[in-house]
Amino acid sequence: MEYSKSVKNRLQRVNGQLQGILRMIEEERDCVEVVTQLSAIKSALDRTVGLVVSENLERCVRESVQSGESTDEHVQQAVKLLMKSR
Amino acid sequence: MEYSKSVKNRLQRVNGQLQGILRMIEEERDCVEVVTQLSAIKSALDRTVGLVVSENLERCVRESVQSGESTDEHVQQAVKLLMKSR
Amino acid sequence: MEYSKSVKNRLQRVNGQLQGILRMIEEERDCVEVVTQLSAIKSALDRTVGLVVSENLERCVRESVQSGESTDEHVQQAVKLLMKSR
Amino acid sequence: MEYSKSVKNRLQRVNGQLQGILRMIEEERDCVEVVTQLSAIKSALDRTVGLVVSENLERCVRESVQSGESTDEHVQQAVKLLMKSR
(Lines give C-alpha, C1' and ligand atoms only; values in the text may rest on other atoms or scores of the structure.)
Protein backbone atom coordinates (compact mmCIF):
# COMPACT_ATOMS: atom_id res chain seq x y z
CA MET A 1 0.00 0.00 0.00
CA GLU A 2 1.22 3.51 -0.74
CA TYR A 3 1.09 5.62 2.43
CA SER A 4 0.05 9.26 2.30
CA LYS A 5 2.30 12.23 3.19
CA SER A 6 0.05 12.73 6.23
CA VAL A 7 0.82 9.25 7.59
CA LYS A 8 4.55 9.74 7.03
CA ASN A 9 4.55 13.17 8.70
CA ARG A 10 2.72 11.84 11.73
CA LEU A 11 5.22 9.02 12.21
CA GLN A 12 8.15 11.41 11.84
CA ARG A 13 6.63 13.58 14.60
CA VAL A 14 6.19 10.48 16.80
CA ASN A 15 9.84 9.65 16.17
CA GLY A 16 10.86 13.13 17.30
CA GLN A 17 8.69 12.83 20.41
CA LEU A 18 10.24 9.47 21.28
CA GLN A 19 13.77 10.87 20.98
CA GLY A 20 12.63 13.66 23.32
CA ILE A 21 11.42 11.13 25.89
CA LEU A 22 14.69 9.20 25.75
CA ARG A 23 16.47 12.47 26.65
CA MET A 24 13.97 13.15 29.49
CA ILE A 25 14.74 9.70 30.92
CA GLU A 26 18.50 10.43 30.84
CA GLU A 27 17.86 13.82 32.48
CA GLU A 28 15.81 11.99 35.20
CA ARG A 29 12.88 14.29 34.62
CA ASP A 30 9.69 14.14 36.71
CA CYS A 31 7.58 10.97 36.27
CA VAL A 32 4.36 12.89 35.56
CA GLU A 33 6.06 14.73 32.65
CA VAL A 34 7.40 11.47 31.21
CA VAL A 35 4.05 9.65 31.53
CA THR A 36 2.26 12.61 29.92
CA GLN A 37 4.65 12.44 26.94
CA LEU A 38 4.28 8.66 26.67
CA SER A 39 0.50 9.08 26.58
CA ALA A 40 0.81 11.76 23.89
CA ILE A 41 2.78 9.35 21.68
CA LYS A 42 0.19 6.62 22.26
CA SER A 43 -2.58 8.98 21.12
CA ALA A 44 -0.58 10.03 18.05
CA LEU A 45 -0.01 6.37 17.14
CA ASP A 46 -3.73 5.73 17.65
CA ARG A 47 -4.69 8.48 15.21
CA THR A 48 -2.12 7.18 12.73
CA VAL A 49 -3.72 3.72 12.91
CA GLY A 50 -7.11 5.32 12.19
CA LEU A 51 -5.71 7.22 9.21
CA VAL A 52 -3.94 4.15 7.74
CA VAL A 53 -7.05 1.97 8.06
CA SER A 54 -9.36 4.69 6.71
CA GLU A 55 -7.17 5.41 3.66
CA ASN A 56 -6.79 1.70 2.95
CA LEU A 57 -10.52 0.94 3.33
CA GLU A 58 -11.51 3.83 1.06
CA ARG A 59 -9.21 2.47 -1.67
CA CYS A 60 -10.38 -1.16 -1.21
CA VAL A 61 -14.06 -0.15 -1.35
CA ARG A 62 -13.52 1.94 -4.49
CA GLU A 63 -11.69 -0.94 -6.18
CA SER A 64 -14.48 -3.39 -5.23
CA VAL A 65 -17.14 -1.02 -6.56
CA GLN A 66 -15.27 -0.70 -9.89
CA SER A 67 -14.90 -4.47 -10.22
CA GLY A 68 -18.50 -5.05 -9.12
CA GLU A 69 -17.53 -7.11 -6.06
CA SER A 70 -19.18 -6.98 -2.61
CA THR A 71 -17.70 -4.40 -0.19
CA ASP A 72 -18.95 -6.03 3.02
CA GLU A 73 -15.88 -8.15 3.67
CA HIS A 74 -13.50 -5.19 3.33
CA VAL A 75 -15.60 -3.22 5.83
CA GLN A 76 -15.67 -6.10 8.33
CA GLN A 77 -11.89 -6.67 8.07
CA ALA A 78 -11.14 -2.96 8.53
CA VAL A 79 -13.39 -2.68 11.61
CA LYS A 80 -11.86 -5.89 13.04
CA LEU A 81 -8.35 -4.45 12.50
CA LEU A 82 -9.31 -1.22 14.28
CA MET A 83 -10.87 -3.11 17.19
CA LYS A 84 -7.78 -5.33 17.56
CA SER A 85 -5.52 -2.29 17.60
CA ARG A 86 -7.29 -0.75 20.56
CA MET B 1 -31.09 2.06 12.06
CA GLU B 2 -32.40 -1.47 12.59
CA TYR B 3 -30.12 -3.33 15.00
CA SER B 4 -29.32 -7.02 14.47
CA LYS B 5 -30.27 -9.85 16.86
CA SER B 6 -26.55 -10.19 17.60
CA VAL B 7 -26.28 -6.59 18.87
CA LYS B 8 -29.41 -7.03 21.00
CA ASN B 9 -28.18 -10.32 22.49
CA ARG B 10 -24.81 -8.83 23.39
CA LEU B 11 -26.41 -5.91 25.22
CA GLN B 12 -28.76 -8.24 27.10
CA ARG B 13 -25.72 -10.25 28.25
CA VAL B 14 -23.98 -7.02 29.35
CA ASN B 15 -27.14 -6.13 31.29
CA GLY B 16 -27.02 -9.50 33.07
CA GLN B 17 -23.31 -9.04 33.86
CA LEU B 18 -23.97 -5.58 35.30
CA GLN B 19 -26.73 -6.89 37.57
CA GLY B 20 -24.23 -9.53 38.72
CA ILE B 21 -21.66 -6.86 39.60
CA LEU B 22 -24.23 -4.85 41.57
CA ARG B 23 -24.84 -8.00 43.66
CA MET B 24 -21.05 -8.55 44.11
CA ILE B 25 -20.74 -5.00 45.43
CA GLU B 26 -23.53 -5.61 47.96
CA GLU B 27 -21.86 -8.89 48.97
CA GLU B 28 -18.57 -6.92 49.45
CA ARG B 29 -16.75 -9.33 47.20
CA ASP B 30 -12.97 -9.11 46.59
CA CYS B 31 -11.84 -6.05 44.61
CA VAL B 32 -9.89 -8.10 42.04
CA GLU B 33 -13.04 -10.10 41.19
CA VAL B 34 -15.11 -6.91 40.80
CA VAL B 35 -12.48 -5.17 38.65
CA THR B 36 -12.16 -8.28 36.46
CA GLN B 37 -15.93 -8.27 35.88
CA LEU B 38 -15.98 -4.53 35.17
CA SER B 39 -13.24 -5.07 32.57
CA ALA B 40 -15.21 -7.92 31.00
CA ILE B 41 -18.22 -5.62 30.55
CA LYS B 42 -16.01 -2.93 29.04
CA SER B 43 -14.66 -5.43 26.48
CA ALA B 44 -18.17 -6.65 25.66
CA LEU B 45 -19.32 -3.05 25.12
CA ASP B 46 -16.25 -2.48 22.93
CA ARG B 47 -17.11 -5.42 20.70
CA THR B 48 -20.71 -4.22 20.51
CA VAL B 49 -19.50 -0.82 19.29
CA GLY B 50 -17.46 -2.56 16.59
CA LEU B 51 -20.45 -4.63 15.50
CA VAL B 52 -22.83 -1.64 15.37
CA VAL B 53 -20.38 0.47 13.34
CA SER B 54 -19.53 -2.40 10.99
CA GLU B 55 -23.18 -3.29 10.30
CA ASN B 56 -24.04 0.37 9.75
CA LEU B 57 -21.07 1.05 7.45
CA GLU B 58 -21.78 -2.04 5.35
CA ARG B 59 -25.35 -0.83 4.79
CA CYS B 60 -24.31 2.79 4.05
CA VAL B 61 -21.66 1.66 1.54
CA ARG B 62 -24.13 -0.66 -0.23
CA GLU B 63 -26.70 2.15 -0.46
CA SER B 64 -24.07 4.57 -1.82
CA VAL B 65 -22.97 2.03 -4.43
CA GLN B 66 -26.58 1.49 -5.56
CA SER B 67 -27.18 5.24 -5.86
CA GLY B 68 -23.80 5.79 -7.54
CA GLU B 69 -22.51 8.10 -4.77
CA SER B 70 -18.96 8.21 -3.36
CA THR B 71 -18.35 5.88 -0.42
CA ASP B 72 -15.31 7.71 0.98
CA GLU B 73 -17.18 9.97 3.39
CA HIS B 74 -19.08 7.05 4.94
CA VAL B 75 -15.78 5.23 5.52
CA GLN B 76 -14.12 8.29 7.09
CA GLN B 77 -17.10 8.94 9.40
CA ALA B 78 -17.21 5.30 10.53
CA VAL B 79 -13.47 5.19 11.29
CA LYS B 80 -13.71 8.54 13.14
CA LEU B 81 -16.63 7.18 15.21
CA LEU B 82 -14.63 4.06 16.12
CA MET B 83 -11.55 6.12 17.04
CA LYS B 84 -13.65 8.44 19.25
CA SER B 85 -15.18 5.48 21.04
CA ARG B 86 -11.83 4.11 22.19
CA MET C 1 -13.97 -5.28 50.57
CA GLU C 2 -16.51 -2.66 51.58
CA TYR C 3 -17.34 -0.44 48.61
CA SER C 4 -17.94 3.29 49.06
CA LYS C 5 -21.21 5.11 48.37
CA SER C 6 -19.44 6.75 45.43
CA VAL C 7 -18.71 3.40 43.76
CA LYS C 8 -22.29 2.24 44.31
CA ASN C 9 -23.75 5.48 42.92
CA ARG C 10 -21.59 5.31 39.81
CA LEU C 11 -22.70 1.76 39.06
CA GLN C 12 -26.37 2.65 39.58
CA ARG C 13 -25.94 5.47 37.05
CA VAL C 14 -24.28 3.05 34.59
CA ASN C 15 -27.24 0.71 35.09
CA GLY C 16 -29.64 3.54 34.22
CA GLN C 17 -27.59 4.44 31.12
CA LEU C 18 -27.61 0.83 29.96
CA GLN C 19 -31.40 0.58 30.32
CA GLY C 20 -31.56 3.78 28.23
CA ILE C 21 -29.47 2.22 25.47
CA LEU C 22 -31.63 -0.91 25.41
CA ARG C 23 -34.63 1.38 24.74
CA MET C 24 -32.68 3.29 22.02
CA ILE C 25 -31.98 -0.03 20.29
CA GLU C 26 -35.69 -0.96 20.36
CA GLU C 27 -36.54 2.50 19.02
CA GLU C 28 -33.97 1.93 16.19
CA ARG C 29 -32.27 5.17 17.03
CA ASP C 30 -29.34 6.55 14.96
CA CYS C 31 -26.10 4.51 15.18
CA VAL C 32 -23.95 7.54 16.12
CA GLU C 33 -26.22 8.26 19.12
CA VAL C 34 -26.05 4.62 20.28
CA VAL C 35 -22.25 4.41 19.87
CA THR C 36 -21.83 7.70 21.74
CA GLN C 37 -23.87 6.31 24.65
CA LEU C 38 -21.97 3.00 24.63
CA SER C 39 -18.70 4.97 24.83
CA ALA C 40 -20.06 7.03 27.72
CA ILE C 41 -20.80 3.85 29.69
CA LYS C 42 -17.33 2.51 28.94
CA SER C 43 -15.75 5.69 30.31
CA ALA C 44 -17.96 5.57 33.42
CA LEU C 45 -16.93 1.94 34.02
CA ASP C 46 -13.30 2.97 33.53
CA ARG C 47 -13.52 5.64 36.20
CA THR C 48 -15.27 3.17 38.51
CA VAL C 49 -12.36 0.74 38.08
CA GLY C 50 -9.94 3.53 38.99
CA LEU C 51 -11.95 4.41 42.09
CA VAL C 52 -12.25 0.79 43.28
CA VAL C 53 -8.51 0.14 42.84
CA SER C 54 -7.53 3.44 44.45
CA GLU C 55 -9.77 2.93 47.51
CA ASN C 56 -8.54 -0.64 47.90
CA LEU C 57 -4.86 0.25 47.52
CA GLU C 58 -5.12 3.10 50.03
CA ARG C 59 -6.57 0.69 52.59
CA CYS C 60 -4.03 -2.07 51.87
CA VAL C 61 -1.10 0.37 52.15
CA ARG C 62 -2.39 1.78 55.46
CA GLU C 63 -2.82 -1.73 56.88
CA SER C 64 0.72 -2.71 55.77
CA VAL C 65 2.17 0.44 57.34
CA GLN C 66 0.39 -0.31 60.64
CA SER C 67 1.65 -3.91 60.68
CA GLY C 68 5.15 -2.84 59.59
CA GLU C 69 5.03 -4.86 56.35
CA SER C 70 6.42 -3.78 52.95
CA THR C 71 3.98 -1.86 50.75
CA ASP C 72 5.72 -2.54 47.42
CA GLU C 73 3.81 -5.70 46.53
CA HIS C 74 0.41 -4.04 47.10
CA VAL C 75 1.46 -1.18 44.79
CA GLN C 76 2.67 -3.56 42.06
CA GLN C 77 -0.51 -5.66 42.22
CA ALA C 78 -2.75 -2.58 42.04
CA VAL C 79 -0.89 -1.14 39.04
CA LYS C 80 -0.96 -4.56 37.33
CA LEU C 81 -4.73 -4.78 37.91
CA LEU C 82 -5.24 -1.30 36.42
CA MET C 83 -3.09 -2.10 33.39
CA LYS C 84 -4.97 -5.39 32.79
CA SER C 85 -8.30 -3.57 32.94
CA ARG C 86 -7.39 -1.18 30.14
CA MET D 1 13.24 10.58 39.25
CA GLU D 2 15.86 7.96 38.48
CA TYR D 3 14.50 5.49 35.90
CA SER D 4 15.34 1.81 36.10
CA LYS D 5 17.33 -0.17 33.51
CA SER D 6 14.09 -1.96 32.67
CA VAL D 7 12.32 1.29 31.70
CA LYS D 8 15.30 2.37 29.59
CA ASN D 9 15.52 -1.01 27.82
CA ARG D 10 11.82 -0.98 26.99
CA LEU D 11 12.03 2.48 25.43
CA GLN D 12 15.10 1.50 23.41
CA ARG D 13 13.15 -1.49 22.04
CA VAL D 14 10.22 0.81 21.17
CA ASN D 15 12.69 3.08 19.38
CA GLY D 16 13.93 0.13 17.34
CA GLN D 17 10.36 -0.92 16.50
CA LEU D 18 9.50 2.61 15.37
CA GLN D 19 12.51 2.75 13.06
CA GLY D 20 11.32 -0.59 11.66
CA ILE D 21 7.87 0.85 10.94
CA LEU D 22 9.33 3.89 9.20
CA ARG D 23 11.13 1.46 6.86
CA MET D 24 7.92 -0.56 6.31
CA ILE D 25 6.15 2.64 5.27
CA GLU D 26 8.91 3.46 2.75
CA GLU D 27 8.73 -0.13 1.44
CA GLU D 28 4.90 0.32 1.07
CA ARG D 29 4.28 -2.80 3.08
CA ASP D 30 0.79 -4.23 3.66
CA CYS D 31 -1.49 -2.08 5.86
CA VAL D 32 -2.37 -4.98 8.20
CA GLU D 33 1.35 -5.55 8.94
CA VAL D 34 1.91 -1.85 9.63
CA VAL D 35 -1.18 -1.53 11.87
CA THR D 36 -0.12 -4.67 13.78
CA GLN D 37 3.32 -3.13 14.43
CA LEU D 38 1.81 0.22 15.45
CA SER D 39 -0.42 -1.63 17.95
CA ALA D 40 2.59 -3.52 19.31
CA ILE D 41 4.39 -0.23 20.00
CA LYS D 42 1.27 1.15 21.70
CA SER D 43 1.13 -1.87 24.01
CA ALA D 44 4.85 -1.59 24.80
CA LEU D 45 4.40 2.10 25.65
CA ASP D 46 1.42 1.17 27.81
CA ARG D 47 3.45 -1.33 29.83
CA THR D 48 6.25 1.25 30.17
CA VAL D 49 3.75 3.72 31.62
CA GLY D 50 2.65 1.06 34.15
CA LEU D 51 6.26 0.36 35.11
CA VAL D 52 7.19 4.04 35.51
CA VAL D 53 4.12 4.77 37.67
CA SER D 54 4.60 1.62 39.76
CA GLU D 55 8.29 2.29 40.46
CA ASN D 56 7.57 5.91 41.30
CA LEU D 57 4.63 5.09 43.60
CA GLU D 58 6.61 2.43 45.46
CA ARG D 59 9.35 4.97 46.17
CA CYS D 60 6.89 7.75 47.18
CA VAL D 61 5.02 5.40 49.55
CA ARG D 62 8.26 4.21 51.17
CA GLU D 63 9.44 7.81 51.68
CA SER D 64 6.07 8.79 53.20
CA VAL D 65 6.17 5.81 55.56
CA GLN D 66 9.69 6.73 56.70
CA SER D 67 8.69 10.36 57.32
CA GLY D 68 5.42 9.32 59.00
CA GLU D 69 3.23 11.10 56.42
CA SER D 70 -0.07 9.81 54.93
CA THR D 71 0.27 7.69 51.78
CA ASP D 72 -3.28 8.19 50.50
CA GLU D 73 -2.57 11.22 48.33
CA HIS D 74 0.35 9.50 46.57
CA VAL D 75 -1.90 6.51 45.78
CA GLN D 76 -4.72 8.73 44.46
CA GLN D 77 -2.33 10.74 42.24
CA ALA D 78 -0.74 7.60 40.81
CA VAL D 79 -4.09 5.99 39.99
CA LYS D 80 -5.30 9.27 38.45
CA LEU D 81 -2.12 9.43 36.30
CA LEU D 82 -2.67 5.85 35.11
CA MET D 83 -6.34 6.50 34.30
CA LYS D 84 -5.44 9.67 32.34
CA SER D 85 -2.84 7.77 30.33
CA ARG D 86 -5.32 5.22 29.03
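Think of it as A, B, C and D in the order they're written, each chain with its own count starting at 1.
The working rule: contacts are C-beta pairs under 8 Å (C-beta built on N, C-alpha and C of every residue); 3 or more make two chains touch, one makes a residue touch a chain.
Labels paired with UniProt names: A, B, C, D = Metal-sensitive transcriptional regulator.
Quick caveat: nothing in here was measured; it's all calculated off a predicted structure.
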item: Inter-copy rotation, subunit C to subunit D, in degrees (Cα atoms; steps of 5); value: 180
item: Separation of mean Cα positions, subunit C and subunit B [Å, integer]; value: 18
item: Set of subunit D residues in contact with two or more other chains; value: 46, 53
item: Chain contact graph, described as a line, ring, star, complete graph or other shape; value: ring
item: Subunit D - residues contacting subunit A, complex; value: 1-3, 7-8, 11-12, 14-15, 18-19, 21-22, 25, 28-32, 34-36, 38-39, 41-42, 45-46, 48-49, 52-53, 56, 81, 84-85
item: Subunit D-facing residues of subunit C, complex; value: 46-47, 50, 53-54, 57-58, 61-62, 65, 71-72, 75-76, 78-80, 82-83, 86
